[in-house]
Amino acid sequence: MKGAEVAHFSFPQKILFKHCDPAGIGFYPRYVEIINDAVEAMFDDCLGWSFAEIVKTGGVPTAKLNIDFKAPCRLGDQIQLDITIDRLGRSSMALTIVARGGEVRFTVDQVLVCTDTNGKPRSWPDPVRAKINDIMEGSV
Amino acid sequence: MKGAEVAHFSFPQKILFKHCDPAGIGFYPRYVEIINDAVEAMFDDCLGWSFAEIVKTGGVPTAKLNIDFKAPCRLGDQIQLDITIDRLGRSSMALTIVARGGEVRFTVDQVLVCTDTNGKPRSWPDPVRAKINDIMEGSV
Amino acid sequence: MKGAEVAHFSFPQKILFKHCDPAGIGFYPRYVEIINDAVEAMFDDCLGWSFAEIVKTGGVPTAKLNIDFKAPCRLGDQIQLDITIDRLGRSSMALTIVARGGEVRFTVDQVLVCTDTNGKPRSWPDPVRAKINDIMEGSV
Amino acid sequence: MKGAEVAHFSFPQKILFKHCDPAGIGFYPRYVEIINDAVEAMFDDCLGWSFAEIVKTGGVPTAKLNIDFKAPCRLGDQIQLDITIDRLGRSSMALTIVARGGEVRFTVDQVLVCTDTNGKPRSWPDPVRAKINDIMEGSV
């Protein structure tokens, strides 16, 4: 797994009541919601392209999502999702996410695609591509 | 991808309002919730070991979840998740899930682990193991 | 509370793992999701106006939602939501919902409003109004 | 409606992608989730009794929830939930919540009950009752 040393964006999350199941641990569909929250925050805070803007002309749906659950999260745990942008294609983006709360709780490989309103892949807008390249080169 | 021909369990799901995002398509964390619903139904209907029973002595948390999103689902679509049990370990189970509504919408590779109340892996209970073996051998 | 004797629509729901909290009982935001599922099914099955159709020209947002939680639901419980349409206004509809699983689990008073794409109240479409009137008069 | 002037606790919330429906506005079951998040944060930050602690000996289930939806929330909106504790009973607590983002978006009357592990009402623990009384008297 890549991305452990130099995360491009970090997203803190407390494990709340709504995230936990009858076994008292995080319910994995809720982790996926947290993953989406983290990516949404990265687009907004870091790439300057909010989901509110994105949905006006298309979307950034997920094409691939691979998650390894390493250790459970419990109610009240404070975790952090560290996102690294690994690859930028014409219309795709590959991310690695490592969620830690002390130890690693789960790791994620995710591929997003930039699409138009018909769901067809389209090129990343130039200013967004420039921003992502800056981030990947560590110049931000 | 395996499991396409002989699904061991099928789970129908209509794409509802709650599943859809502002872009009008299924929101991927909701697909993961549907995946859990399908697996929960398989344990209940097919393996004779309901989640209500399971939580009394442990759980069946997910260790790995790999999803390929092939085509979007839209509000009102009727899809079906076909689950195939691929491998049964001492305390693990590997599943393939194919979600179709006409075309393939998404495919899943998932690994579950049978755990005790402390979250430690434990052997599948004998009657459950026997049932799963019967299913995998096609004798059910 | 009205509506107990002659429900206009009934919606069965099993209490699933995703509905339950670390205390092992139904998490109330999930009940609200179930309430929406029930109303969505009523529009689709009973009023002939699916949410997939509705969103093309507006919506039916909730204006008021009053819930009394009478008894908890537990994982695996089978409940049923009985919906009665109490009043039909030009653009509004008042519902009573009683959720039972043996005893009453929760009761709901809900007001929906028929809106256009700008969120402004609009009259119920004539065929839908006719259908609702038939249902309220018991002629369906 | 009470509680507008002197909120005892304020909870900020950005309206995220996960909160929004195909009509592009907040989905009301998600508002209820936000309401729970706000109450959970109040218990943790303000009453010194976290949900992680509470579930060890019981719960604080909701007995009544009345919501008036005044104006929709849209993706990206920043809102704030202002909570006022209106009444404290032996085992109950009545709250008023006003959610604003500029204008009022929704208002809530909610009654919580302090219960033991069997779901039976029990007295608020003395230190928690003392804390709530201090808050209600404005001495905190």
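Of note:
Lettered A, B, C and D in written order, each chain numbered from 1.
By our rule, a residue touches a chain if its C-beta (ideal position, glycine included) is under 8 Å from a C-beta of that chain, and two chains touch if they have at least 3 such contacts.
All values reported here derive from a predicted model rather than from experimental measurement.
Chain centres computed from CA atoms place A at the largest separation from chain C. The angle needed to superpose chain A on chain D by their Cα atoms is 180 degrees, rounded to the nearest 5. Here the spacing of chain A and chain D, counted between their Cα centres, is 29 Å. Remark: chain B and chain D have CA centroids separated by 35 Å (rounded to whole angstrom). With each centre defined as the average position of its C-alpha atoms, the distance from chain C to chain D rounds to 24 Å. Shared contact sites, meaning residues of chain C that touch two or more other chains, fall at 17-18, 22, 24, 27, 29, 33, 36, 55, 75. Those residues of chain C lying in contact with chain A across their complex are 17-18, 20-22, 24, 27, 29, 75. Remark: chain C residues 22-23, 25, 27-30, 32-33, 35-36, 55, 58-59, 61-69, 72, 119 touch chain D in the complex.
If you check the complex, the residues on chain D that touch chain A are 16-18, 24, 33, 36-37, 40, 50-52, 55, 74-76.
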